[in-house]
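Below: a set of structures, written as structure tokens.
Look at the two complexes coming up: chain A is in both, with chain B in one and chain C in the other.
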Partner chain A sequence: MRETPLSNCERNFINRAIAEDTRLDGRQLLEARPVEIHFGANWGCCHVALGETKAIAQVSCDIQQPKASRPNEGMLHINVEFNPIAAPHFEAGRQSELAMQVNRQLEKCFKDSRCVDLESLCIVADEKVWNLRVDVNILNHDGNLVDCASIAILAALTHFHRPDVTTTGDSITIHSFAEKDPLPLTLHHYPVCVSFIVFESGQIVMDPTYMEERVGASQLTLGLNSYRELCSLQLCYLGKTSVTADVVPSISPHAANYANKLVTQIRKAAQQDVEAKYNKEDRDVCRLKECITFGKLTAMTKPKLSIKLAHWVAGKSSPKSDMETSDFQDEDDNIKTLGHGSAELITNMSKSVGEGGPNTWQASEESSDDEIEDIEILQETKLEKKVLDDIDLGGDSEEEDTVTVSKNDIM
Partner chain B sequence: MQNQLETTEEEECVLRPMNCELNQLSRPDGSAMFMQGDTVVVAGVYGPIEAKLQKMMHDRATVETMFSPAKGPPCVDDRAKETVIRETCEAVLLTALHPGMAISINVQELQDSGGLLACAINAACLALIISSISMKFTVAAVSCMIDRESGKLIVDPDSTQIQQARVTFTYVFEGIKKDLVSCHTTGRFSENELMESLEKCRAASQNIFDFYRNIVEQYAIKL
Partner chain C sequence: MEVNIKDVVVPGDVAVEIMKSSEKERVILGPGLRRDCDRVLVTKAGVLKRRKPAIFYVDSYQKRYVPNRGENVVGIVTQKAGDIYRVDIGAGELASLSYLAFEGATKKNRPDIVVGDVIFAKLLVASKGMEPELICVDSHGKKGKLGVLSPDGMLFDCSLSLARKLLHPSCQLLTLLAKEQAYEIAIGMNGKIWMKARSVHETIAACNAILAAENTPPAEMPALCSSIARNLLRIS
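Up next is the complex of A and B:
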């Protein structure tokens, strides 16, 4: 689907509102949306919500041969996927211009600023190094994807632990998490991206929403770390604008303060979760559950369910066992006949499914009605005692269950 | 023999806790974050939307599905999951109501600890319910496995149990007559095992349908 065009009304409205220092969501011009970070049960899995913009990051690692130019350094790959779940105009499996731009911006911020100590990821120089891969999937696009993705990447990298490795001579042993405690990554500094939009009127807005991004005249993204150092800078003219010359100096102190605050929040969240994981009791607790705001009308939880299900007896059962089953269900006389009927159904027990032999499914379709009747009685008697009582078995023959409902059936 | 008889009587099955939030995402027409135990997926549905010209069908809506894994580019296995989800959703939706349009169903894996396909289908069904696209019936997917050593059938296994699996089954049932809609299996198994697991999952699927009903009731009453 193509992106819905923005009407002049909307454009003018937002421009006028911004000129009067008003934002549609009630924020100040230089105010960011709240950030929520949740970690999953795996190392390096994190869900970030920047207002309504949501992303999930997952770090994974494997061992590869290093690049010839850098034989004693590990590798870091950053990949941001713009799936159609985030917005209907994103196309699956195709890198759009926006996706490439965001990918490059994040690479500049994380790879080119050399925040991850890649040398510590070397196992055997020139032969084997760790290859880190960060996958970011955007879940909901409400503007400022770069910031949201950068927070997700930083949080995931801070949280990630790789398996320990020992080298003895030529052999390399990768220890599982049960054998040896995993090791965290070494980060030299913690960069995040902070984005701004400059409007035609010259007003600067921080952390733009989707609407503001579309109306804005130029876009500015700063990559900053907690030491107030600039790691990357991207200035992108979306349309004509009169004032841009003094934009960078005017907002950079504010951006640096915000970046510092953000990094503190990310590191605190990651540290809390890592500590909780080190305490063995709640090692596998999945904190993604906390993404769900319970108490909402559309949210629901159901505790672990223990249910009693009847064991389905196939025709395998010998007449002897049927006699015994009828002992404790003696109110049903039909039970005795089912032994013969169901024994008839499975004629070639020697052959299991998929191992050749004629298809017995069709055969049972053509077989006498009372055979099917028998199976149903069996099921009914077994199902009677269950918690779940409203399963309609009547009228269904067995073959029907296994037919896949295709679209042609309805047309 | 005696031992076998005891198991034929009644067997206890445990379904992992289910958590769900509907319309968590602001962009999709309907979305659901669904958790079964530690398996977490998010599904988002857009539709009916404009179809691409090459995919447009004159008599019904095209169903586009996208399953994206948490790590790495989608592999063959993920494409297979995508196909199962698409074919299940095609059976569920009344596509003839929206000719020339598209319905886009997107599922994102957040965390996999067993029964990912079942969880994805359940999330997609919840997202379809909340997006108020006309459906023929609701569907519920239940996964189960057979243990390699004991041969025991486990309904809704978690990631540690599934490592011991000889066979895994995922069944999708429709909500009216509990007929089978689709089925995905791995490993070798006998006909008996298939039928036994089918019946068990069919019975367990009722819990998921109850869950759907409860969550819809919760907000439908207030409206």
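Up next is the complex of A and C:
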């Protein structure tokens, strides 16, 4: 399928907005979208969401004969797949030009910077070495695929453990995970990609969305590690404007700080999951399910608007509620003590106005000639919340009457 | 499974209530329903609804537009080919728009449209297996509200259900928003919305309000509009 053409309106508007230091999604020019990292049940399986851009990476390994030029080093392959699942204009099967470019950028960042200690992957020199393969699948495309893929790869590599191997004489034994604990990879440093878009007006924008990528004049991707070292640099002209020489120095300190923060986040997430996996009960838990949002029609999209004002928070009366952290159901609920030995869990429904939450959609859709109970139902749920004021504390039994609103009531 | 009006339905369900309606009545099956011999089957996931007297349809959440005759859509001109323009309206195929389908256009006097322009047009032909055709005049040859939209505005996508919700006569959002700020809007049934306000901030604010309306019950729309207006004041 072809890509939706970019209209002159969108181009003009975005250029005008950027010239006024405004971004459509309410971010600052040099502000990145929040990163979420979730690990799967296997070693080296990682799902990363950078705003609405999503990627999943899986590291796998097998034993191969090394290259003749480097007989005592293991091998690392990076493979990025762009499927129509990410965006309808990606073609299945054939590697597009964009896919090749992203693949090469990631290879430069991870392979050419030698962040994985390949020598430790050698089993028998010139005969048998570990061959690592990182497969990245883009699940949703909302711009900045390189950054998202690089975070996924780094997190997957940090998380990955390979089986232990013992050599006795000529024979090699590969131990299953049950026999011997698997070994993590050795990483010398932790590089990530940080992307920028330069607009015609000369403004620089960090972590561009799909729309900004299409409008921008040139794209700049820096590969940086947590020691503020540059691992790769890619400058790509999308339009005809030239980039002035001071672009790279002007953003590199900011990019380095951001990369440092990102690496800390990735390592922390990976470490937590690895520790949880070493606790025997927790071993096969797949945490990918945590990236699903509940109570929404499209469960994988975050309750975020693509166009919003800078400080706009959904919900009229609760500016303190922080949408970034609302993935956890617990934070939406608060527990109020009513008296001795009793408490009631109140789900904070009002905060989700306008940004996802339970679908309250039918009320106005109803055609005027059969306007039956739909509106009343909304009031019913509100009454539920007020009940806590009227509860009489006569009984000191711990069993409160709980009224559950079933799904049928709401529909 | 057998389902009734206002149930959540999935493809393959049998709508029993429709069969029960009286013999004389003429039943109209809307989107998402299909007759199979003596049964009516559901073909989309959504909520089964009925309008009096006997119009049945499935109200579903969808982003892909299927053209219907007579609907107003917003599209992007992608190509000039001979005497027609090719317009992307988000459907499976590009729609065609003749350069004669504008007010006062003749063979000599062509409308001034370039590739990338956004137009608001009505679907003249929309049938299965045929290229949809657009026009920018009504039956009297007047342009009315149709035509090329100014390039100063902003174009954005929303779900089809949101577009329908906004265009519903009982929807208060646009009126409420107009009390807070001045804007121009063109809502296409294909889920594309063109919007223009006085400044960039105001345009973003209005777009924000419209997108947020997707999950806002009608009772909270005034609150939504005032919160947008308050935010706008804080920024500018």
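Rule of thumb we're sticking to: the second predicted complex is superposed on the first by the 292 of 411 C-alpha atoms of A that agree within 3 Å, B and C clash if a C-alpha of one lies under 4 Å from a C-alpha of the other, contacts with A are read in each partner's own complex, and residues count from 1 in each chain.
Keep this in mind: a contact is a pair of C-beta atoms (placed from the backbone, for glycine too) under 8 Å apart; a residue touches a chain by one contact, two chains touch by 3 or more.
Quick caveat: nothing in here was measured; it's all calculated off a predicted structure.
A.B. asks: With both structures fitted on chain A, tell me whether chain B or chain C touches more of chain A's residues.
C.D. replies: B
A.B. asks: I'd like to know which partner A:S69 touches here: chain B for first, chain C for second, both or neither.
C.D. replies: neither
A.B. asks: Between chain B and chain C, whom does A:T22 touch in the aligned arrangement: first, second, both, or neither?
C.D. replies: second
A.B. asks: Can A:S306 be said to touch chain B (first), chain C (second), both, or neither?
C.D. replies: Both partners, chain B and chain C.
A.B. asks: Looking at the overlay, what does A:S7 touch: chain B (first), chain C (second), both, or neither?
C.D. replies: Second partner only, chain C.
A.B. asks: Look at A:N137 in the shared chain and tell me whether it touches chain B only, chain C only, both, or neither; answer first, second, both or neither.
C.D. replies: After superposition on chain A, A:N137 lies in contact with chain B alone.
A.B. asks: Both chain B and chain C contact which residues of chain A?
C.D. replies: Of chain A, residues 297-298, 305-312, 314, 316, 352-355, 360, 411 contact chain B in one complex and chain C in the other.
A.B. asks: Enumerate the contact residues on chain C facing chain A in the complex.
C.D. replies: Those residues of chain C that touch chain A are 6-8, 47, 49-52, 59, 61, 76, 78, 88, 90, 114, 116-118, 149, 151-156, 161, 164-165, 168-171, 194, 200-201, 203-205, 207-208, 211-220, 223-224, 226-228, 231-232, 234-235.
A.B. asks: Can you list the residues on chain A that touch chain B in the complex?
C.D. replies: Within the complex, chain A contacts chain B at residues 1-2, 40-42, 45, 47, 52, 54, 56, 58, 60, 79, 81, 83-88, 92-93, 133, 135, 137, 139-142, 284, 286, 288-289, 291-293, 296-317, 320-321, 324-325, 328, 346, 349, 352-355, 360, 379, 383, 385-386, 388, 390-392, 396, 400-407, 410-411.
A.B. asks: Hey, which residues of chain B end up touching chain A in the complex?
C.D. replies: Interface residues on chain B, with respect to chain A: 1, 4-5, 7-28, 31, 33, 35, 38, 40, 42-44, 46, 49-50, 59-60, 64, 66, 68, 70-74, 87, 90-91, 94-96, 102, 104, 106-108, 110-111, 113, 130, 136, 155, 174, 176-183, 188-192, 194-196, 198-200, 202-204, 206-207, 211, 214-215, 218-219, 222.
A.B. asks: Could you list, by residue number, the parts of chain A that touch chain C in their complex?
C.D. replies: Touching chain C: residues 4-13, 16-17, 20, 22, 24, 297-298, 305-312, 314, 316, 352-357, 359-370, 375, 378, 411 of chain A.
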